[in-house]
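See the structures that follow.
Below, chain A partners chain B and then partners chain C, in two separate complexes.
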Partner chain A sequence: MPERSAVVVGGNRIPFAKAGTKYAAASSGDMLTAALDGLVARFGLAGQQVGEVAAGAVLKHTRDFNLTREAVLGSALDPHTPACDLQQACGTGLETVIYVANKIRLGQADTGIAGGVDSASDAPIVVSEGLRRALLRASRSKTLLERLKSFASLHPTDLAPVPPGVVEPRTGLSMGESQALTTAEYGLTREAADELALASHRNLARAWDAGFFDDLVTPYLGVTRDTLLRPDTSAEALAKLKPVFGGENGTMTAGNSTALTDGAAVVLLAEEEWARERHWPVLARVVDAQVAATDYVTGNEGLLIAGARAIPVLLERNGLTLADFDLVEIHEAFASTVLATLAQLEADGHGTVDRARLNVNGSSLAAGHPFAATGGRIVATLAKLLAERGPGSRGLISICAAGGQAVTAILEAV
Partner chain B sequence: MNVLESLYGTPLGKKAAARLGLAEPPVLRRGRELPRGEIVLATLPGGGVAAEALALLGLSPIDPLLDLPERRTTDDRGRPQPPRYERRPGAVVIDATGVREIAQLEGLRQVLRPAMKGLEASGRVILLATDAADVSDVEAKAVAQAFDGINRTVSKELRGGSTANLVFVRAGTPASDLCSTLSFLLEGRSAFVAGQTWRVGPAKAGDAAGAEYDPARPFTGRIVVVTGAARGIGAEIARTFARDGAAVVAVDVPAAGDALAGVANAVRGSALQLDITVPDAAERIAAHVATVHGPQAKIWAVIHNAGITRDKLLANLDEGRWASVLEVNLAAEMRMNPTLLDPDLPGGLGEQARIVGIASTSGWAGNKGQTNYAASKAGVMGLTWAESAELPDRPVTANAVAPGFIETEMTAAIPFVQREVFRRTNALGQGGRPVDVAETIAYLADPASGGVDGQVVRVCGHNLIGA
Partner chain C sequence: MHTTLAYADLPAVAPLLVRATANHVGRRPRAEAVLPTTVVRVARLRQDLGRLAAYNRVCGFGLRDAVPPTWLHVLTFPLQAALLAGPDFPFTPAGLVHTANTMTLHRPVAVGDHLDVLVRAEALRPHAKGALFDLVGEVRVGSELAWSGRSSYLARGASAPAGADAAGATGVTDDPAHPLRSEAAGEQPRTAQRWRLPADLGRQYAKVSGDVNPIHLSAATAKLFGFRRAIVHGMWTHARCLAALSGRLPETYTVDVAFTRPILLPGRVSFAAAESDAGVRFAVLGREEKPHLVGAVRR
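Take a look at the complex of A and B:
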């Protein structure tokens, strides 16, 4: 079989919205379907079959066990299009791109759609462990008496609903609390974090104004732009915000941490020759990918800086250095996540990243971060940017994820 | 919906309205439906092209009844009555292309009188005559104009959703170039076109429908670009072209992208989020066509439907509202056409192609509070005529439709009483539907409509304003 390569053809997302606002009544399935339908319309794929659709969500209802396939069936795609759900925390979106790209390279598919969705508004709320066990016992009971007995052990507090936890099960720390430890360890300043946040907003606003997202975003429920974006924010405004993590003297604020967000994003991939024969845009090739994890549980490493482990492996395998990348996309879970990752890379002798090449059209601080949708947003944005720069332009993506992991990848314009 | 409008919708309200002379309007025959009754053909001396065209369409017309004194009967009150058709005919086609003298107009009267109350619902009167430009003597020119008066009046006198229209057939027009027009006028597609006059001539060299042409699905294998396609009339245009076989490229502003995607996916077309006022709008449309359909693909027709209103009385009208309406409704279209017509542009208009603009009866008659809009829409007519004249040697036609009162989200915002007045003040006593505009556009863009060029066809139910 001749060598096959997987390329990014295009992408689509719905504007990202602050949780509990415009998309509060939309389910993950609704949003993923809307993102898919916008992509289908852009490429005239209605009624056509795609090799496979892979997507996922971090916050998932049990009823969404087949989220992606259901979204495909609700979309304008041919119902013969297969689909599966993947989950890799905040790395889900990028992981689906890697999954689909690998299938394409192996000849198991010619085309595919990768992506993700998350609704922090429509997060599943579960019953307490006590009530859950009681209900299961009751369902196994054969007599009324047994059934009533099942509930005898219930405590009133068991009746309170349990909202989804965003804490690491092994440390009991939230993302922000974990990152605050890293921030302190690396001695990252409030000013540096705010500067990164400000750049994110300015860059994203400029891209929107320039029409960059005209062929990457389809409006949804009356929302036409990312609602967390504050084009008019300033260093002064950011400096006024009170710390939310790291105590009174902490440097992490609502301004330099991502907010809970709703949204969905998808990417259309195809085998390079297949795409060229059909005159589809060939934006960028998916060159390579690497996942890594840190030993965060012992406290020896930061929770969200596994990118500093994955990137060197990628560089080594591809004979590249950080300086070989025209553009770098490091997911802004927190401004200090980006700064810590860069600091660790530099400490490990990999040099630094020119800020003029970093998140040039904004990232999660300005766009928001619907967990599993972030990968699709970044891949589509970077692929278009690289295509604009011309063949040979190279881009690096790093997305940190829960569990001390990070998913990274290299794209190259062809 | 206000109180008055709610009342109007109740059975009691309907009764009261009927008392006031506001009867329920007739339900119009729509779609690719021929009349159920017979088609009557009257060929007046010197005519013949209509008979040929009807034969090409596979239709077998019957002879007309003539209102001659000896054929009249008397009713029970002793009044003379014209002869009556045994079964109500569906259409009366009068081929008056040979009529040159005032005395010969009596022939039209004889055919029309028995038809006026004798047609089935949604019947048709179709007059074919020779254009004044193609006749030489004074009497013939006067007669040519007389047809216009006859047509407009017949249109107003007909009932039950029936329409009358006049087609001026230019000298040398073969019957084959008349077929698409006759078919459109006979079928339900022309439901809301009434009291209108337009011209059909010989198609330009190279403007034939082609061997694969299927009149039932005339756009099979052809790409049609529709701007402003996210909702209302534009969405209906997309659906109508898709029904007739076209691969639709639906264009609308990025902010309307979700509705646009819905329309594009529903018709299995593609969507392009684009503000048509950007300088490279035409290039981006062509690039999209080349991406979705390949670099060899060419656009068959572009339908410049995108339009906005920014209504204000001129006394209150600022430069912003003035400029935006002219920019979107007129200037953008004018800029795009020459680029799309460039034969070297991949994904541009084909060598043979159709351009259709959207004018408005506001552009014709004026409308209070719409100076900017009327300017833009009258401008579209001027643009259509000029573009048509600029392309004498290329098989491209440029035409426009001018919608009157059409029931859309936009017109639903007009206050109820005013809206009801708009609805009622036309010969059909009702508002048109978006599909009526779409059908007319599809007729103008039909591969067999090469003989229809530089025309503005009103879709207004024969509106009394500006008639």
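Take a look at the complex of A and C:
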């Protein structure tokens, strides 16, 4: 079998919206289907069978056990298109790209769609642990008396609904609280974080104004642009915000931390020759990928800086250095996450990343971060940017994820 | 010579604590206390899987075949209560403060193992605020010693004979230069976790451990004993620390803890740890990083 390569053909997302606003009435399934249908329309895939669709969501209802397949069935794709759900926290979107690309490279598929969705508005609410156990006991009971006894141990507070967990199960710390520990550890300043946030907004606004997203985004429910984007924000405005993590003297604010966001993003991938024969765009090849994890539970390392572990492995395996990349995309969970990852890479002797090559069309601070959708947004954006730069231009992606993990990948324009 | 008090199964704790308390009502403590030589034991004890599962859930352990060493301590607790309820026990349980604990897991214990459990008191020694003594527990599987533990209690205001037997002392509470408390013990533990302790945690732990000491159950009952609110069981905090370290713990180990300040419920504390070749040092910290518990696992 000749060597096969997986390429990014294109992408589509819906504009990202602040949670609880424009998409409050939409479910994850609704948004994923909308993103999928936009992609189908853009590439004329209506009624066509795609090799496989892989997507996922971080906040997931139990009824969404087959979220992606349901979205396929709700889309214009041929219903014979198989689909599966993957979950890798905020790395979900990029992990699905890797999964589909690997299937294509192995000859198990010629085409595939990868992506993700998240709704922080339509998040699942569950019953308390006490009520859940009582209900399970009752369902196992054989007599009415036993069933009634099952509820005897309930406490009034057990009847209150429980919102989805927003903390790391093993540390009890939220993402922000975890990042605040890392921020302090690396001595990162408010100014550096705000500077990164400002660049994110300016870059994303410029890209929107230049029409960069015209073939990457499909409007949804009347929304035509990312609603968290503040094109007019300034260093002064960002400097006025109060710290939200790390205490009174903390450096992390709502301006340099991502907000809860609703959105969906998908990417179309294909085998390179297969795409060329059909005159599909060939934006960039998925060269390689690496996942790594930090030892964060006992505080030895930061929760969100596993990128600094994954990237060196990727560089080594591909005989590259950071300087070999024309563009670098590091997901802005928090501005200080990007800064800490860069600081660790530099401390480990991998050099610096030229800021002029970093997140050049903005990232999550400006666009928002619907957890599982971020990977699809970044892959489509980077692939298009690389294609514009011409064959051989290289890009690096790093996305941190819950559980102390990071998913990284190399794309190269062909 | 010692006398043996043998039970067929673990006795109920609450009546024993009531009796232990009643024994001392209206009784003047002896000028110099003497510990009884009684050994309390249960042979061929079967472990209750449902209770273990509930214990593990309250303390943050996953349910495995191998039981946590703190669970074995919980199995010795009713026997400790029986010892305290003996007519010759010199101290009332109402005033006892659990100051430190050390335990060694000599071999892994499975939930299906039948256990021979025994408890005795020893090492009565003077302390600045009264007298310290240890309740020593042992758990055997067949003839093999699987677990041994030593709980140090302070009887406030009591006095121990000078030059009393201190051979068994853990040293953690007696000695400010003990490695557990020393600032010079290498890298300081780093804050890694935050725990939110609900108001009913004392009741939850009482249910799974049998330790129904009123200072843990509610603010009202805790006030009777001079606490502003209910305080969590020290052995819950100890267990929660081991649960936080699960995966980092060797198959067998010794763990020492000192309970330095009670944790009021509901409460919020942080957990800090530092690993070295010798083991793991850990601490549970409150406001201004003041420790509630300091501990170390020795490999």
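As a convention for this text, the second predicted complex is superposed on the first by the 414 of 414 C-alpha atoms of A that agree within 3 Å, B and C clash if a C-alpha of one lies under 4 Å from a C-alpha of the other, contacts with A are read in each partner's own complex, and residues count from 1 in each chain.
In this text, contacts are C-beta pairs under 8 Å (C-beta built on N, C-alpha and C of every residue); 3 or more make two chains touch, one makes a residue touch a chain.
This structure is a prediction, so every number in the text was calculated from the model and none was measured.
Judged by the touch definition given at the top, the superposed model places A:A25 against neither chain B nor chain C. In the superposed pair of complexes, A:A76 makes contact with chain B only, with no contact to chain C. Looking at the shared chain after the overlay, A:T224 reaches chain B, while chain C stays out of its contact range. In the superposition on chain A, A:A347 makes contact with neither chain B nor chain C. Looking at the shared chain after the overlay, A:A210 reaches neither chain B nor chain C.
By the touch criterion defined above, A:P281 lies against chain B but remains apart from chain C after alignment on the C-alpha atoms of chain A. Judged by the touch definition given at the top, the superposed model places A:A237 against neither chain B nor chain C. Applying the stated contact rule after C-alpha superposition, one finds that A:L136 touches neither chain B nor chain C. Looking at the shared chain after the overlay, A:A160 reaches neither chain B nor chain C.
In the superposition on the C-alpha atoms of chain A, no part of chain A is touched by chain B in one complex and by chain C in the other.
Residues 34, 37-38, 40-44, 46-47, 75-76, 211, 213-215, 217-221, 224, 278-281 of chain A are the ones that touch chain B when the two sit in their complex. Interface of chain C with chain A (complex): residues 189-196, 200, 244-245, 247-248, 272-275, 280. If you check the complex, the residues on chain B that touch chain A are 247, 250, 254-258, 260-262, 264-275, 278, 290-295. Across the complex, chain C is touched by residues 155, 170-173, 177, 181, 296-300 of chain A.
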